[in-house]
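Chain naming follows the written order as A, B and C, and within any one chain the residues start at number 1.
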Amino acid sequence: MDATTAMYVAQGIHGLAYGMVLFLLASGLTLIFGMMGILNMAHASFFMLSAYFCYQFQIWTGNFWLALLFAPVITGFFGILVERFLLRKVQRLGHIGQLILTAGLGLIILEGVKVIWGTESKPVLVPTYLQGLVNLAGMEYPVYRLFIIGISLILLIILSLILYKTRLGMVVRAAVSDADMVNALGINVPVVFMTVFGVGTWMAGVAGVVISPILTVFPGLADQVGMDAFIVVCVGGFGSIGGALLVSIICGLLNSYGVQFFSQLAPILIFIFMVVVLTIRPMGLFGERE
Amino acid sequence: MNILETRGLTHDFEGLKVITGVDLQVAEGERHAIIGPNGAGKTTLFNLITGTYTPKGGKVIFKNKDVTGARPHQMVRLGMGRSFQITSTFSRLTAFQNIRMAVLSKRGIRFNIFRFVDKMDDVTRETDEILKRINLDGERNIPASGLSYGKSRSLEISMALATDPEVVMLDEPTAGMSVDETHYAVGLIQRLTEGKTMVIIEHDMDVVFSLADRITVLHHGEILASGAPGEIRKNPKVKEAYLGEMEI
Amino acid sequence: MNKGFKWILWGILIVVLIVYPRLFGIYYTNILVEFGIFALYAISVNLLLGYTGLLTFGHAIFFGVGGYSTALALTHIQGLPLLASLLIGFLSAVLFALILCPMVVRLSGTAFAMLHLAFGLLMYVVTLKLRGITGGEDGIGGFPIPPFSIPGIVSIDMTDPLMFYYFAMIVLVICISFLWFFTKTPFGQIMVGIRDNADRIDYVGFKVSHSKALIYIFAGGFAGVAGSIFALFQNLVSADEFSVLNSFAPIMIIMVGGIASFFGPIFGAGIFALIAELTSRYTERVELVMGLILILVIMYAPMGFLGLVNMARARFFNKEGAS
């Protein structure tokens, strides 16, 4: 294969990998913001926090897999505490209450990590067998990016199966669309909400861990990716996992190919895309409600 | 002369027919009740006439003008007032402010940003007069959300009337009221709508027969019968439609 | 409170504003200017949020457009008078609001907020990328600040911070008084009506979309004035003015001060300025303190500072707190 094609493929893999990380983050947000309607400005902060946990775990244990396992779980648990003790208390204030609360929380997390870990970038190492390139069908692929794509796909499948094929998923979807009714049926809706919030935060945590070896860990980690995740949820449509997947991949590819073809305009493309979609369809591409 | 007419009015929600070829005729000064079993399409008919929805077919004629598809605010400006089955007042505004909103509209004060509204003495005076007439002067400065159910229903009805419309459309004004409240509301409606044309949707047959001088029966989105109360009472088709659903 | 007492209060306020720089020096004078700018900005947002019930995540668009157009006008037009540069800031923001109007007036709730987030982000990135016009990351700085002059009568140097303070305060007080008046007019009633029950507004005979458009234009225009004064004050505009944070700032100010009152945002802006000033003396972690305060406010005092004041008044005087 000639060099140009190889470069396009490599760009594609990069874009896809970023898109999938974005999807992990955004699908967590689509659960929380899209389905439950909780405006969570701190979602990306959890993502960043998890990357720091990952870094810390690696310092302690030297093991990436342990970090991948535990950092998101701790982050998810932290999310549950936030839902239980903070967000639930401001429910009656609606979106504005959630905005202020989670924005405040985001500030605290941001400043907190600066106090604990300082402002410089921290490296996260992946096991040697995940580094380097692998040769498949005559082309070279970066192993770690394939790993990211793989792990995201697995999570996507599990999430969709749980949400759309199990009784639990049915309860969650019902609780989200009509909380009072489901409550009346004897299901503990607050617990359902707390769990969904925890799972959403956990997914942000997974995204934070898998991206940390690529971007390293630093306080500004949440800014760009977090904004992109919000765009994905809004454009994909509130509560739509499929929409989030599609728009994440579009975002990722726009990012990597955009840089190549029109480097100046690349970041603008995503926002123009968002403005156009939301102007025509305020509920997003696959959303059913505003 | 008919002040309000619909000709072959038709509407559906995603294929589900709710109004089919309705020819409603309301003469000027008439007190016209629309009755019918639940789901007959009464509120939809109101929504089509007052501009909530644009009808899929047919025409709405108001004061000899084709107003099919006019928006709600245009209908109000043409002289139609409407109240809602589910109370729809401005919850955080006081009773006074609620009524004043309608008084401002009636006087055509819309984009006025040059005068203190509180210093428009004629508006204040007229609003207070209305409050007195509907016996809400004691609750003048209480937010609408803090009024008793009966009082908030009075406010709801009065807001439809405060723009001084020629035709008032009342959607179940006595819904959810106790017997005493209903009795009071009927008196209020009679008093306030004197000299006006009134179209009223009502389930309570006592209310219908004490207020209306013409009745249209709607059933499955079509007009089953229309006539004076006496005729409707005796109409066999009406009895059949209501059988088991309502006492008549 | 009787009328005479109110006039005395106003008189005291004006005297305090006049002698303030002499009492506290130029450092605190500048803090007061910044406070005033953000008070006007937050009040303009509160027209949408508190009065009309529209949550926006992109009002920084108008603040930024006001600032940039003033800065650009002063950079490129020789001898542009001060008030004209201010007017350009106002009119550009109004123009922008007019352009956005047809797209946003149909919306409310989350869709309204999110579409504004999108527009805000777009403006932010475009500002960064159009280096030739906007100066990219560097922004536009060092443009000439014209004197305030009435030809043949007076010419006051506006690079003197003290003089600029008086000028900014007069403009801000005029703008804020105007907006206060705006909320007290018949149209102000329609605004709160839309917030309470937009559907019913239609059935009273007002056209919701037109009314929303007018409010939107006012809210945009006066945020533009705030941005314009900010540009003159700093002698610099940067893309940060379009940032999401700058869209959230007035919302936070409103919530901290009190959403239910016209004057809430003024108190909010004051509290924010005070906290920033006080905490920065003891710690570098100003944002940590801000975060904590936001959480405490929303959990324990959701009606903000003025809400607390009203509650305290009701408790001590055993009467209904007035808003």
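FYI, a residue touches a chain if its C-beta (ideal position, glycine included) is under 8 Å from a C-beta of that chain, and two chains touch if they have at least 3 such contacts.
In this text, all values refer to a predicted model and were calculated from it rather than measured experimentally.
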item: Chain-level touch network, classified as line, ring, star, complete or other; value: line
item: Taking each chain's C-alpha mean as its centre, the one farthest from chain A; value: B
item: Inter-chain centre distance, chain A versus chain B - centres from mean C-alpha coordinates, in Å; value: 51
item: Whole-Å gap separating chain B and chain C, where each centre is the average of the chain's CA atoms; value: 43
item: Intercentroid distance (Cα basis), chain C paired with chain A, Å; value: 34
item: List of chain A residues in touch with chain C within their complex; value: 37, 39, 86, 89-90, 93, 95-97, 99-101, 103-108, 110-112, 114-115, 227, 230-231, 234, 238, 264-265, 267-268, 271-272, 274-275, 278-279, 282-283, 290
item: Chain C residues touching chain A - in the complex, by the definition given at the top; value: 49, 55, 103, 107, 109-111, 113-115, 117-119, 121-122, 125-126, 128-129, 244, 248, 251-252, 255, 259, 285, 287-288, 290-295, 297-299, 302
item: Chain B to chain C touching residues, read off their complex; value: 50-51, 71-73, 76-77, 81-82, 84, 88-93, 97, 100-102, 104-106, 109-118, 120, 159-160, 163
item: Chain B partner contacts - residues on chain C that touch it in the complex; value: 181-182, 184-190, 192-193, 195-197, 199-208, 210-211, 214
